[in-house]
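Next come two complexes, and both contain chain A; in the first it sits with chain B, in the second with chain C.
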Partner chain A sequence: MHSQRIIRSYSALFRKLQIISNIQRHKTQQVAEKIQIPSSFAADLAQIVGKHNVSTANAVREQHGHDESYHSIELPDMVAFAECTEQVSEVARLCNHHGIPLIPFGSGTGLEGGVNAVKGGVCLDLSKMTKIVSVNAGDFDCTVEAGVTRKTLNSYLRDTGLWFPIDPGADASLCGMCATSASGTNAVRYGTMRENTMNLEVVLADGTVFDTAGKGKRTKKTSAGYNLTNLFVGSEGTLGIITKATIRLYPQPEATISATCHFETVQAAVDSTVQVLQCGIPIARIEFLDEVSVDACNKFSKLNMKVAPSLFLEFHGNASGLEDQTKLVAEIVQANGGSNFVWAKDPEVRNHLWKARHEILYACMALKPGTKPYSTDVCVPISNLPKVITRTKEMIQEAGIIGPIVGHVGDGNFHVFYPVHPDDQETLAKVKDVSHKMALLALELDGTCTGEHGIGQGKRELLEREIGESGIKVMRHLKMALDPRGIMNPGKVFF
Partner chain B sequence: MSALRVLVGCKRVIDYAVKVRVKPDKTGVVTDGVKHSMNPFDEIAMEEAIRMKEKKLASEIIVVSCGPSQCQETLRTALAMGGDRAIHVQVEGKEYEGLQPFHVSKIFAKIAQEEKVDLVVLGKQAIDDDCNQTGQMTAAILDWPQATFASKVEIDSGSLKVTREIDGGLENIKVKLPAVVTTDLRLNEPRYATLPNIMKAKKKPLTVKKPSDYAVDISPRQEVLSVEDPPVREAGQKVESVEQLVQKLRDAGLVA
Partner chain C sequence: MHSQRIIRSYSALFRKLQIISNIQRHKTQQVAEKIQIPSSFAADLAQIVGKHNVSTANAVREQHGHDESYHSIELPDMVAFAECTEQVSEVARLCNHHGIPLIPFGSGTGLEGGVNAVKGGVCLDLSKMTKIVSVNAGDFDCTVEAGVTRKTLNSYLRDTGLWFPIDPGADASLCGMCATSASGTNAVRYGTMRENTMNLEVVLADGTVFDTAGKGKRTKKTSAGYNLTNLFVGSEGTLGIITKATIRLYPQPEATISATCHFETVQAAVDSTVQVLQCGIPIARIEFLDEVSVDACNKFSKLNMKVAPSLFLEFHGNASGLEDQTKLVAEIVQANGGSNFVWAKDPEVRNHLWKARHEILYACMALKPGTKPYSTDVCVPISNLPKVITRTKEMIQEAGIIGPIVGHVGDGNFHVFYPVHPDDQETLAKVKDVSHKMALLALELDGTCTGEHGIGQGKRELLEREIGESGIKVMRHLKMALDPRGIMNPGKVFF
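Let's turn to the complex of A and B:
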């Protein structure tokens, strides 16, 4: 009996040591050289997906070695195209057997270098899986495969009176949006992927295929077991590959009104935002542009807006109430010292009003032709937003760099789109320094280092600070449990 | 000038986003189980008519579709966008396969006369056959002026001022009403059907007719011999020099 207890406590200790050493090994594996691909591998891969769906051509590897971020291209050893979940499962099994890194690829529109193959391996392109599996208009849900993009879905839904409102700007794949817990300009009204993903079909490292909420389940709510759906949302391909997503749909707004206005200070813009939200006005989008952004827009889109901190607003609602609510917002804006409140109902005029906001990324890059966008993504409680933005602008000024600011002010989230030339190490260093300081400031102010873009490669250290040691340990346990060989998108989310 | 009565034609076609596949027997393309929707140019035509009605320049919008029973879905979408009444001219199966602008234009012309419309708005062409004929033929049968490829339409007491997109740029013409207009891409951005409107549309009147009700003979004027995929694109070849290029062209019998 006594000996049994000793044995038990020793095995417990042994197990603990094993887990620790696994984590250590995992850590060192991450620093190791790129894995060597066995010579038979390409043929094995071709057996699964078909010869025409495997490529080692440089051009194809390059296309799959980067996203829309500034992170340098890291080529995968080969690219495979999957056409169905079974193929994804077998590819995972094959990679896991050989310990070869496996990186899922949706639309390549990420902003944090999530698809860059830092350890080589196989990039698994899912864009051929384009089935819209089901649309349940009466239940406001639909299920799509990994290759379906949000614009494709919305076009498909256009005569049902429904839409999927989350709009990150790019025409991203919906499952990719799940993987990065994406959000967009509409989040203040419709939420982010976290709130709108009901079920996921996931392929794990060992090839297991399962549904996070159970096959075919699509209820508005559930208390059945662990919330596995939201475990995979935001996992950035490090825990499994999302092959299908069941997502919430919303009714098309009956009427839409867009408006713009300008303020003397960031504080005034944020105060107006808070008051509008407090009035329960059905604001669908509130976007903040600082004067540098507005100036960039004026130059690029050939507009004539007042160069001052500005808000771009959009209201969705019933035709009857909307105009009154617009008037209420105009009053709030005026009370905060705002000016030039312009609004429109007509789609062409609305599009023109918002043209500036839509083209902002290109406008920022046009400030310095030949540059790529280095974007930051901090998010804080709304009340702390003026502090972060003001301090950020000071730091940008001190560093002598260009940093236009665009914010989803209703969520406390803002981006600085630094135009950086890929070869300009000096500017890049300054930009990285300011961004790092911004993120640290956001963390101090109860915020997060990434509101919607994800951790990818560049924010791993910030994640550790943000979540804390214990939190990171829990994440590592989960990673070890689901991906013991560490093949799922190595080098991302954490070290 | 009193408000216009408008006729809009809506064709049910394979959705523009679908990858069209040829049937193995080469008699046509696969349509079973494939997503269909309103021809995008007809959506633009509907939108233009609805905007006229919102500005009180049009009084009633009648939407028409010729084809199988599923066309009623397309008509309901048109009604949800803002149409008032729908007419479904039912043509099924083999007969529908042989239906051409030649027949459809006669049907539209008859309906236009019966319903005493002042303006017929059609999409410039359907995305399945790309014929670009129905509008023109309808105008000819009615002996009405036509303004095709419209990118802007203004009503000006008994006439229309239309900007047309042509190869050389933009052409501004004036046509007397009644007239036929066909819509081009840049005329407007069509609205989405919203749920409340979709519900209301279910109650709007939809009548089913046959081509014979309009004394139109729809016997086919063409016979489809075969429908095939375009030839598979072959891999390109890289050459090292101009001499090599010329030699390859010679070998292929493309130059002397």
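Let's turn to the complex of A and C:
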């Protein structure tokens, strides 16, 4: 038995070394030279999208060379603005012919450097494709072009009695949200983009345009062939460009109530959450804030909450259903030692509360003026959440840095929003170290290194650890099958 | 403008011809000879799984050469029973080496001939892999081996307060349900296998074993790399063999009420359903039965229902929540002219009702003794459902055949269960004709040719129409990338 154990541990070590050597190899590939763009290329692009839709100006390239994350700007060689799918298709065909990187750009609100042009090339801005193609109120679905953002859609839907609940905070484009597999505060009840995307119009690297579920299809269910829709959801622009999305809508809730409450410990807040879910309460939002986040919120958004581990809750339903839900949740919270239960029925008070929740990134930055956000994102089975949060808080304290914790606790997903001065290399190094260790801990505890931000540039090494050598190999095979020249958003998801 | 229209219509025609010629080409490929198995092969298999786990007996091959559908038996050359993932991996490697077809077999309860060995080869029966690997009650998830069926799991879970709600009727294996992207009566509330599968252990054609979401991962959300889990869900054994599944569990409802009610028209029943969904009522089951099905149910299951288009409903929740839901639904039904609302609170009455619903396939066969079922499966946006059902009923009447209609109406999904004598070629031809026309109508109305039964052998041509040439090409590329020798369940999904 003893020798078997040694063999096993040796073979595990060997496997690890293999993975590390693979990572090294990929890293070497990554440093390859940027592609030289032919001098006539901008003119060729202009032939397709019009001269007014091509820019090599520094300001435009800079604007398109980064998202909202800490990753350094990486400039594309030029930016093209597409106005329709046919143009996207022709641009793809042109880039593919020349082997030039092509990076789709939605709203630029990503958090892992997904749009940064690490190998130069063409950034294709889709924000001019703003048609809401159809709203089928009776079927709870709609189809939008790539440039439509979630707030625009919800404004448009206001009088239909329907809404699209997925809410990552930022006013992201809906097709961009598909590309990143986004979610946010309402996911605990309504799911993520994975569960809410019914069909996608996609342009492949070679210019092929097709609908992942078949032309015009918009069914709640299907088992017709491979689930291509969900292959493209979360593919981060590396398999093709999403030009249209057909997504699910929901009835606007008849009534909404929000609430906040506070706990002695992280464990008590998470225990309450688990019990809420166990009771089958269809809670719409259940957000955790640690005491540092609450403090930041109080200061930035003029709230007056107890500085303690807290939950922000929201309930959707009809009047009597809400009464039932809120009563039950209040009992659960009380049983876990929760206190200061404050209800917010008035829309203004509710909006103020959720505005504060959504502004928390800025609130955290305001804790150290002049800083930029370094945001992390792990997700674990909910029973492991207290362990990961508690250990993360310890590591933050040990490193002597500021790291407010905010979590979509009903999904086991949380973030740390570190405020970091751009020039403060020492703090940045500490933040990176703690973030990496936090992600490794999440992986150890059956979790993922990203619940909703995606891999982008920032988590490629972690993806290799998470999915393993065979999983990466399968992903690479799929990438090769659909984008053999590797032009689609290179340097993202994989090294 | 006029000439442009002509050009467009010509190019549409040209495209259609291209698709048809493609279909013809694929059909020719399909008639290729069956593969010759080396004489030593059974012995090689026995080396892996043990002699007692390999059979070339006719009875065993026959048992494994068909599912529950009308598709003719197609015998595998031999049947192997795997007892663990390592054996599955070695069997795959062996088959891949020799280029021998490998067909995974779960419970054999499919409805599109997905397990029939159209090119011979090895049928790999997974029913001996019956471990429930883990149940994480606090995280609402569990992991099961390939042979565990949904009823076995739910019996096992009885005392945990949790259950797995996806219910396709048959006692299918859970990994088989993953492979077909199954769903059933509870999908309107709990989703399908697509939404409820968190991770899969998969064996690829070359024997590689990997976890689609990474080893041991079981998070509610993830955006780490491509969604491989949902690539394998619904892949019908053509991309690899699912040997373990990690799936979501739900709290057992505190209380359950069922009900039936009847309508003058199909439209009124569907209108009621849409309004129920629009009100955001979390109904657990909402099943449509046309008057022919009700009649069959009355006769077979000793019910005494009004012979009219009907809804079977089920509500899950706590006592006060249920009161609220049922009151609202009763109002909606009444407003649509529904009548004879009968509530079933008593578990025995409820079980009798749902047993009748689940036995409906047999009830339909009993309408013409000695027949076998030919079952169809389309899904459309719910607003188009009355149109498809009404036209289907007309076509059934015009053809002079019996075709009871049953639908998961909340999902826009319905079936016709035709009773057909195996030797009655004339009726079979009529049934096939009506089924095909019904599927084409569904495609025309933004629907799919299969909501939950899969493509198997029966719907390959329809898949080509549904997904189009480019979509099929993408699917084929993915298949080629993961199974370059084409050994995995050949002749399914594609021609």
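The rule is short, and it goes like this: the second predicted complex is superposed on the first by the 462 of 495 C-alpha atoms of A that agree within 3 Å, B and C clash if a C-alpha of one lies under 4 Å from a C-alpha of the other, contacts with A are read in each partner's own complex, and residues count from 1 in each chain.
Everything below uses one rule, namely that a residue touches a chain if its C-beta (ideal position, glycine included) is under 8 Å from a C-beta of that chain, and two chains touch if they have at least 3 such contacts.
Not measured: the values here are computed from a predicted model.
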Looking at the overlay, does A:E254 come into contact with chain B only (first), chain C only (second), both, or neither?
-> both
Report for A:G337: first if it touches chain B alone, second if chain C alone, otherwise both or neither.
-> neither
Mind working out whether A:P347 is in touch with chain B, chain C, both or neither, as first, second, both or neither?
-> first
Between chain B (first) and chain C (second), which does A:E466 come into contact with in this model arrangement: first, second, both, or neither?
-> second
If you stack the two complexes on chain A, which partner ends up touching A:G161: first (chain B), second (chain C), both, or neither?
-> both
Touching partner for A:V274 - first (chain B), second (chain C), both, neither | second
Kindly classify A:T219 by the partners it touches after superposition: chain B alone (first), chain C alone (second), both, or neither?
-> second
Which touches a greater number of chain A residues, chain B or chain C?
-> C
Where on chain A do the contacts with chain B and the contacts with chain C coincide?
-> 161, 251, 253-254
Hey, which residues of chain C end up touching chain A in the complex?
-> 136, 138-141, 161, 180-183, 187, 191-192, 194-195, 204, 208-228, 230-231, 233-235, 239, 250-251, 253-254, 274, 277-280, 282, 316-318, 320-321, 324, 328, 379-383, 411-413, 443, 446-455, 459, 462-463, 466-468, 470-475, 477-478, 480-482, 493
Contacts from chain B onto chain A in the complex sit at residues 15, 17, 35, 37-38, 77, 80, 188-189, 191-198
For chain A, which residues count as touching chain B in their complex?
-> 152, 155-156, 158-163, 251-254, 347-348, 351
